[in-house]
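The data blocks that follow each hold one structure.
You will see two complexes here that share chain A, one where it goes with chain B and one where it goes with chain C.
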Partner chain A sequence: MTGASAFQKDYKTIIPVEALARFVERLGEQYTLTGPVGGGLTARFEDVSSFSQMDLDYQSTMLPPGKKYLFEPVQEVLSFDISEGRFLEDHKDPQMRKRALIGLHPCDVNAILYLDKVFLGQYTDPFYRIRRENIFTIALNCKSVTDLCFCHLVGAGPYLKARSGYDILLTELRGLLTDSGVDSGGSGADMDGGEKKFLLELASEKARDLFHALSPDKGKPPEEKDLAKIKEMEAALLKTFKKNLDMEAVQNALLARPDHHALKETADSRCLSCSNCVMVCPTCFCHDVRDETDLALSRVKKIRRWDACQDISFARVHGGNFRAQRYARLRQFVFHKLDYDTQFGMKATVGCGRCIRWCPTGIDLTEIAKAMME
Partner chain B sequence: MINGSLAPVKAVITDVRQESPGVKTFTIEPAGTFTMETHPMAKPGQFNMLGYPGVGEAPISFSVLPSGEGKKNKKDKKGKKIFGHTVRTAGRVTGFLSQFGRGDELFLRGPFGRGWPLEEVMGKHLLLITGGLGLAPLRPVIEMARSLAPIEVTLLHGARGPEDIIFKTEFARWQRVGAVKIGLTVDNPGQEQEIAGDIKIHSGLITELIRPLRIEPAQTIAFICGPEIMMRFSARELMLKGMSGSAIHVSVERRMKCGTGHCGHCQIGPWFTCKDGPVFAYDQLKGLPDVIL
Partner chain C sequence: MSFYKKFRLHKKDVHSPKEKNPEKKRVGFFKFSCCTGCGFELAYFQRSLKETLESFDFTFFRLASSAGSPEGPFDLALVEGAVTEPFQIVEIKKIRAASKVLYAVGSCAIVGGIPAIKALAPEMEVERAAYRERLYEMSSTRPHVIGDYVKVDGCIRGCPPGERDLEEALASVLIGKEPEFIEYSVCMECKMAGNACVLLEDGLPCMGPVTNAGCGALCPAHHRACYSCFGLMGQANVPALKGKFRKLGFTEEDIEKRFFTLFGALGETGQ
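Moving on to the complex of A and B:
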């Protein structure tokens, strides 16, 4: 696109929440608006009709928004006509609806950047590509940290460091407290009674064009003291993380101990092989491809569905199963997230903590890794 | 809308040949939307996803390649380019394929994966070690071996019994035309003591053929294909002779659904068998979890 070089990546402005709301609602004339509703740790990304429906104080969701909208749980890939013996050319195109994903936390934005490597690498997945091209991503820096978050260990949060791959980055300036730190549970909202404002950063040309065309209030450029305050907020937030693990030391260290007792004991005593960890993981991309024939024997649909390495049949082949043992399957998940950085040149975990939160028995991959390195 | 990788194309079977009990070679000719031009030229060691909609797909290596055959076989009688897959009846898809005959249509996608490192063969002793159907992905290599300029080619092949040895009728030609030295061994010796080309059939493990072999480790490159446990002990035997793991190449099998590194089923450590393999240097896989190598 022309003008790419002229685009200034560091365009920043401070706008009040009302102005942001009006911009988002204007955006809603072109895009389906999708954002967090419900709040807390069990918020859900859903289509909304207004800005106020969203709860931007949410802490986490069960299903990661990127995976939910870019790599759908079930996808019809192809359709085959049995009597004619051919694939149908008129197979419906993937949903092309333009969607604005609003309020993604940095971990979830980084997860999308990871999925980009999976599905837009050597081979392009057409379904992922078309959806990716049609989303407008508004990221939101975190203002609180949960007990299970460890994004800070892998550079995936709590503030977004990536400069591209999304469109707008928001940082909330409300309740900027230099004295008592940042509120940690979202319960202290509006405690200072001040006006709610956002630092808005444009990270794409599309964002620049849309913001300038649609936002009635362009806000004002941040002053030095505002930016200093944001740095302070980030530093304060970093102090609230509870989880710790030396991610550099983990690299290759787990692989050196593939049969460590911590893995076996965790698997034998607690792992249910339920695959919750995989389903809620924002970077887990594995899927199954199956042919489904209708009862009239006229059509075959090639269907793609999320699949999980925790399932006993996942690595089964004729004559055997490469991961017949439960601990081998748990190991695949833990090692893939923490040790196989060479696969796509980045950590496969973004530290969102969902796999820990939604594990029925609370299995914690960082605790397994720690025990393995002792 | 769907580009290359997930959309299968129709192809026609021009010939079926029974190689051994339960094993057939299907010679395939492009048809319909499928041409050699739209289908990038395949390399030995790569595979196609073969199957039929409603039944499923299975990854099968090329056992016949247009570029890999002698001049006579390069094209069929009408002058069309052909290729082939050798398939053992094992599961649902291969069981379905086994019923196919000349003129039947099937669907395929590919070629996928990284093939044998042919560029490393020049000036080396090319050592091919195969077990059972593992000979199939190396057949195109044998056919083109002379063009790769090795100093020597040795094929050591093991099978369950003499009747399970595939491509039997090719051995004499490989010896004569390709100057391939051939050793054969079976687990269960039968009546057959030798086959065409005066090759004596040894009885025992493939490692018993490797052990007496004289090789110059630095001047040797090994391509191994067979059951994983057989590749494990073959590679060890070669390393005991001083070969480095980087000069030993193995072709592994895993569950594959997509062929494009997306579905994740075939992962071994950080690798995707379908796109980073199925041919790997032994060094790349050794020590990774869930491998028998």
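Moving on to the complex of A and C:
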């Protein structure tokens, strides 16, 4: 897991959707299957009992799947019996059932790679680690781009470039194909007449072992023209992005303008300090740990809960609040996503656009950055 | 397990039957103008009722017992309801003077709640509508939150409050620490629960983005717009949400009603 393996991504095969479905359902004998249901921009990752329950044409989800399953909103990290002076449960070695996350878009895979740096970096978070080890990740390259996507600006999509840290990468082949010869021009429509097929790439040893053991149909190796077509599909998709921002120029430039009027004006007129942006962000990892004591004063639980830099209590310390002003809190989010690359060696945004889509007033961090660069 | 028994861990020479726990905190629960829902919530404090009674002595709680005196002294005073009559002004000051710690409980005491609706019309007009021929026997005042008259040590928000904040308040008094009350928005609870957004997906005038959490996003979880029964959170940006409602096509009258006549008419000016 998490890039430790030296496994070479050399196995590529083209399999029909029925074969993929059979493989996934065999996988379901060992893993809880979790995938996108509901479709469109408001799909949700949920446990499913069959391949057909999933909608792999989905565009986005509100809660990011990586964060939802690897870094849960509320986690009891410790419980202690005061009267008996002992820990009640051994949280250091938490158990976790195996889960296959199916159909993650490249942005969400990259977000998991970012969370790996946070929770498996200098300090290992045991809760994250156990979940990460027990997750089998099947990524899916995007078929379409939404108006708010900007993954292309940070190399996080629409096709996944990372070579490790996940297990399988799927690319739906549209309108080509070797068998039927039908070419509908990569418009996003499923093939008429021809059957739906996927390019399947194995990205981990675990995936190789499981695929060879479980898949009844191994498919056949892609031909040169298939790979060329996929490159064409990617190039065509890249042309459909609406958002643009010079990320090179943003680097270190925002920090130089901490009190820019664009921040203040946006904060005053539109920022609700409601923290929706943080909640739906796939890379926001801040959390608060609080003690909750029962009224018999016999048990204490330490509870870890998602926290948000937009909340007034986030930066309150002894003696004051170092982000008491609304624009200072908004600035923290915008700068952290776009400018603090040095923290973990990669951009903290994956360009999924969720913070814009789920902001009640539609605040757009790329627009703020643009205004600040002018 | 009582506080006293826990304490014995460290001082083995101390012994006394649990029933006569000298460490029991004296609590007074007081009601001003409200529906008594917060009192009921405490009386039905399901998860923790037994432990509460082991650690606290409710020396005055009219809903639970007609015995007891409101005179104090109290380690903790819990006060529900808004101030709407002159005699209540005297009472709340007496309660404050007799209490070490005073927490306002529920929206009426904290932001005005339902009683605050009358702040929208001249007092006499309100009285005339309610009491008609007995008008001149009335001596009601403008509605006020508890914090307008006395210092409040903490606010247990809600309509009625959730168990989490009630428990945090009581446990803090036992431990002697600052309570950490929830201050973030309903949206945070709503997102963590994975609910669909009724504001953005359904276009409902949801008050979640400006409302103090603690309810677990109860209304949005049932596809209803939040109506801010917990009151505005401290960092609420009211003009920004009004602007959003305008864009959704709501009239100024709709919007004013949303903010001022359902709950917390004193929310922006009170406290």
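For this structure, a couple of remarks:
Rule of thumb we're sticking to: the second predicted complex is superposed on the first by the 342 of 374 C-alpha atoms of A that agree within 3 Å, B and C clash if a C-alpha of one lies under 4 Å from a C-alpha of the other, contacts with A are read in each partner's own complex, and residues count from 1 in each chain.
Just so we're on the same page, a residue touches a chain if its C-beta (ideal position, glycine included) is under 8 Å from a C-beta of that chain, and two chains touch if they have at least 3 such contacts.
All figures in this text were calculated on a predicted structure; none of them were measured in a lab.
Aligning the shared chain A places chain B and chain C next to each other free of steric conflict.
Looking at the shared chain after the overlay, A:A328 reaches chain B, while chain C stays out of its contact range.
Looking at the shared chain after the overlay, A:D246 reaches neither chain B nor chain C.
In the superposition on chain A, A:H336 contacts chain B only, with no contact to chain C. In the superposition on chain A, A:T293 makes contact with both chain B and chain C. Once the two complexes are overlaid on the shared chain, A:V74 sits against chain C while remaining clear of chain B.
In the superposition on chain A, contact is made by A:D125 with chain B only, not with chain C. In the superposition on chain A, A:D311 makes contact with chain C only, not with chain B.
In the superposed model, A:G85 lies in contact with both chain B and chain C.
After overlaying the two complexes on the shared chain, residue contacts for A:E265 are found with neither chain B nor chain C.
Closest approach of chain B to chain C, taken over C-alpha atoms in the A-based superposition, is 5 Å.
In the superposition on chain A, chain A positions 82, 85, 290, 293 are in contact with chain B in one complex as well as with chain C in the other. Residues 42, 44, 62-63, 68, 73-74, 82-83, 85, 268-276, 279-280, 290, 292-298, 305-306, 308, 311-313, 326, 357-358, 360-361 of chain A touch chain C in their complex. Against chain A, the residues of chain B that register as touching in their complex are 1-3, 5-8, 10, 53-56, 90-91, 105, 253-255, 257-258, 260-265, 267, 269-271, 275, 287-291.
Interface of chain A with chain B (complex): residues 77-78, 80, 82, 85-87, 91, 93-94, 118-119, 121-126, 255, 258, 285-291, 293, 300, 302, 307, 309, 314-319, 322-323, 328, 331-332, 335-336, 340-343.
Within the complex formed with chain A, the chain C residues making contact are 1-3, 5-6, 9, 48, 51-52, 54-55, 167-168, 170-171, 174-175, 180, 183-185, 187-188, 191-192, 194, 196-197, 199-201, 208-210, 233-237, 239-241, 243-244.
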